[in-house]
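The block underneath contains the structure these notes are about, expressed in structure tokens.
Chain lettering (A, B, C and D) follows the sequence in which the chains are written, and residue indices restart at 1 in each chain.
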Amino acid sequence: MSQAMMTVVSQTEIAKDIFELRLKGALVNEMGAPDQFLHIRVPGDELLLRRPISIASIDAEKEECVIIYRTEGKGTTIISKLTAGDELDILGPLGNGYPIDMLEEGQNALLIGGGIGVPPLYELAKQLHAKGINVVSCFGFKNKEEVFYEEEFAAFGKVNIATDDGSYGKQGFVTQYFTELDGFVPDAVFACGPKGLLVAVAKTFDPSKTYLSLEERMACGIGACYGCVCDKKNSTSAYDNYRVCVEGPVFRAEEIVL
Amino acid sequence: MSQAMMTVVSQTEIAKDIFELRLKGALVNEMGAPDQFLHIRVPGDELLLRRPISIASIDAEKEECVIIYRTEGKGTTIISKLTAGDELDILGPLGNGYPIDMLEEGQNALLIGGGIGVPPLYELAKQLHAKGINVVSCFGFKNKEEVFYEEEFAAFGKVNIATDDGSYGKQGFVTQYFTELDGFVPDAVFACGPKGLLVAVAKTFDPSKTYLSLEERMACGIGACYGCVCDKKNSTSAYDNYRVCVEGPVFRAEEIVL
Amino acid sequence: MNRLAVSLPGLELKNPIIPASGCFGFGEDYGKFYDLSLLGAIMTKATTLEPRRGNPTPRLAETPSGMLNAIGLQNPGVEVVVAQKHTALEKYDVPLISNVAGNTFDDYYQVCKAVSQSPNVKAIELNISCPNVHKGGLQFGTDPEMAAAVTRAAKEGATVPVYVKLSPNVTDIVEIAKAVEAAGADGISMINTLVGMRIDLHTRKPIIANKTGGLSGPAIKPVAIRMIYQVARAVNIPIIGMGGVYTVDDVLEMFMAGASAVGVGMANFTDPFVCPKLIEQLPQRMDELGINSLQELINEVREGILNER
Amino acid sequence: MNRLAVSLPGLELKNPIIPASGCFGFGEDYGKFYDLSLLGAIMTKATTLEPRRGNPTPRLAETPSGMLNAIGLQNPGVEVVVAQKHTALEKYDVPLISNVAGNTFDDYYQVCKAVSQSPNVKAIELNISCPNVHKGGLQFGTDPEMAAAVTRAAKEGATVPVYVKLSPNVTDIVEIAKAVEAAGADGISMINTLVGMRIDLHTRKPIIANKTGGLSGPAIKPVAIRMIYQVARAVNIPIIGMGGVYTVDDVLEMFMAGASAVGVGMANFTDPFVCPKLIEQLPQRMDELGINSLQELINEVREGILNER
């Protein structure tokens, strides 16, 4: 974890309001676990809080990484205007990321993503695939326009897509695939997306094998301000909880109260 | 007076920390009197008050004008980074500018400028010269590095320069030239610069023929907020004063209390 | 139906956008940029009994996302205001809310009486962030009893509804709001500026000649929203909200906190067209947020508040 | 001579830069970025008698040039703080200023007594912006008598100097400052956050779960400067200034207003290295402004104030 400037290699709008930003810099050497995140200072002095964005993929050889984000408000909109050669002040990599060590070759991993929760799963899929683990992905998007990275994930295994309006894949929630996995029994489930989706995932799958990536509003991003906490399940202490930025963003479903 | 976007044609650092910015736009058609000013919105949403900068010269044919400014703080520093093609949100032209109608061909005009008070006199010199009025200029700068536009003014008449450290022209205040005008008796005196200089000018020359350009901190720039006032000389009213942005920035020395 | 119309005591407004007092003079200057009839209303510059010269300069300083001002209530006095300034605005189809200031109860009484005479003055905004000469310069607006007393004096003089403009520089704004409501205020306008200062590092002295100045702009918006939210839950009279409004989102945030109309101050300096722009942009943003009409939004927020009780 | 050294009761600081309470935890996290011995001192996270879980999330929201927080004093309680957190910082050559919070006089007494035991705790910062359970939740810091009483309770427990941290959410901060000085405070720390709110336009509810939050950052700097300026003219004990410090110019503006050291809060979130950067950049800016040493600047400002009287 350090603070450093990274250089924009390229930026592409890969779906409606969804941007893929490729960054280069020595910080990449510190990146490892899938779904760690970067805490990004928005250029200009107007916005003072950094923006947390997950690392979507890492290319250690080229010292490059990719982040994928949706333009939500002012900060991401400003970042989306950057072009090759621009610099970004980055704090990272932060957080713990998805664990994969507990899985062995030939085992099954189910990836579940909703909207902008999909990209953080990409580096995970890549690493799982490289390890010989079978990957099935279930992704939900709002509509066809916002679907992205389907092909990229298809390189690692089957991809099931649902859209809210049925304009692509099945119509409705991605949760409908949970009962139609055709005998694919996951040894681990990895999910990232809106809170409602995470709650559904936690209810459906074995909470000791289910890994959820949380989002909380963050200030410091490094554990000092206690702004981003999440309650521990069965905590006996009167004060204890997890800081999403340090102990998370990924937790086993059995550890936390959603 | 309107609000409009103007396009940067070019920007040059013409002396240490002094920038010449050429702007293009239909707003130029409204510009006339020398030393009106533009109220410039600093790009980005960080700085909310506009910056008042005088118009240094006007090229009506090309729909271009030039402003010259020193990087003082954040706002002018941001503006100094603009390059050709960038846009600026401009409110203007504002204020009254120097009058020249009272002068006739063959009469004498003395121009006195201190530092960044020099550029507003340039359009004036041009217009006076075009009218056949004899122009003599006396300018004070901090040091050689900060001297600019000497040649430009020399095209219209004699230029006397003083620098604080004597690195160019005479050493000391520009006021020393006031007694060495070699028989040049001004029919009008025009001054722009720091308050100390204006006070000296007002004391030396006939206050009914001396025109001073004032600076005050401004908010609206159009007369609504009463932030930029200056006291009237011999005002009998309990509330009346001048608004530098509307009734100024140029006043006859006999009208105001410096 | 006009989706932007809002209705407050004395004020049937075609839209809720009102230039805030002191930031718009008596309209004449902005009238050169656009038709003032577009506006919901105009809050005029503070008017006092006698003419006032105001404070020495510098009167202004910039601050992060805001500014300080210490104009000092410069104005030509109520006689000239009524005879010249109000009448000059009669050509526009826009109600005036006359901002009234003073140093004594009698000042307030008399000015309220006088400005009420102008046919286009539909309401009074009582600026109680003024030092009370009888109480050693303590502001009227910082003590509930004084605030109530000055409200009563104003109500006696006024023949139009009186909106009391609350100062945020208090420990408990709810207490003041309740006091002025009990004293007969028809509405509340809030917030006035926070007291602030900037120091020049070269002279080591305050930049503003008056030393302190009033802080306005987006910087104070969270304080304004908090106070409007609290006061809306404590009184039954309507609130005109202000403090840092720059965008339609800011306008709607004020409504959701509990305001029924919105004042726009500093933003006029950044963009002289901000008020007509806000009026133009409101409907689209309301569509996006599922808001049929502002009056409906006011009612829904109000119901929510009553349900909380 | 160390140009940056400043001397305050209990605190001989190598420089005046102090991470503000709640923005730096107990140092361990920022200790991963740089050597904490560089700092003038560390103001630790609020410590209470019993462990506290704090408020539900969201606890944070961004605002123009600032932020809101409602952490709610989450901390493991004074026992763990003294046994683990303070000792973990002993490896650094940096004095701690322990931020103490509570809901009763006895809370303050006991926590002050306990934190005084840690050898590296050189002073206490008394957070009196806490609701007093005995007075229906009214904050200790908003009433001069209560503020004085809690100061006395703290002084009884403490064996190190006590700096009382003033809340800006009051009508008259000078009155509170005088009261705590009379009650034996060794210094003042100011300002804590302003109470603010943001509303989510989609849910129409406050973004922060606790509804209101504390506003900090550059937005509040003009209020901080004004209050420091006023209090410095009313008391004889030193002030640790804070509120929106991001740059060396902000640091020096605080000194010119009357501070003798400076707390840095929100800026740590924008730039984790802000404190060492400020320390590094101070000398050059002092050169430009003709300031030989900070202690000399403190003395000159102090003299200026005494001459005004």
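As a convention for this text, a contact is a pair of C-beta atoms (placed from the backbone, for glycine too) under 8 Å apart; a residue touches a chain by one contact, two chains touch by 3 or more.
If you're wondering where the values come from, they're calculated on a predicted model, not measured in any experiment.
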item	value
Between chain B and chain A, distance of the C-alpha-averaged centres to the nearest whole Å	56
Separation of mean Cα positions, chain C and chain A [Å, integer]	46
Chain C and chain D: spacing of chain centres that average the CA atoms, whole Å	34
Interface hub residues of chain B, defined as touching at least two other chains	46
Multi-partner residues of chain D (each touching 2 or more other chains)	65-66, 217-218
Contact graph of the chains (line, ring, star, complete, other)	ring
Interchain contacts, given as pairs of chains that touch	A-B, A-D, B-C, C-D
Touching residues (chain side chain D, partner chain A) in the complex	22-25, 28-30, 32-33, 45, 50-54, 57-62, 65-67, 69, 71, 74-77, 217-218, 266, 268-273
Chain A-touching residues of chain B, taken from the complex the two chains share	44-46
Residues of chain B defined as touching chain C within the complex	1-3, 41, 46-50, 91, 216-230, 237-241, 246
For the chain D and chain C complex, residues of the former touching the latter	63-66, 68, 142, 169-172, 194-199, 201-202, 204, 206, 211-212, 215, 217-223, 225-226, 229, 244, 249, 252-253, 256-257, 289, 301, 304
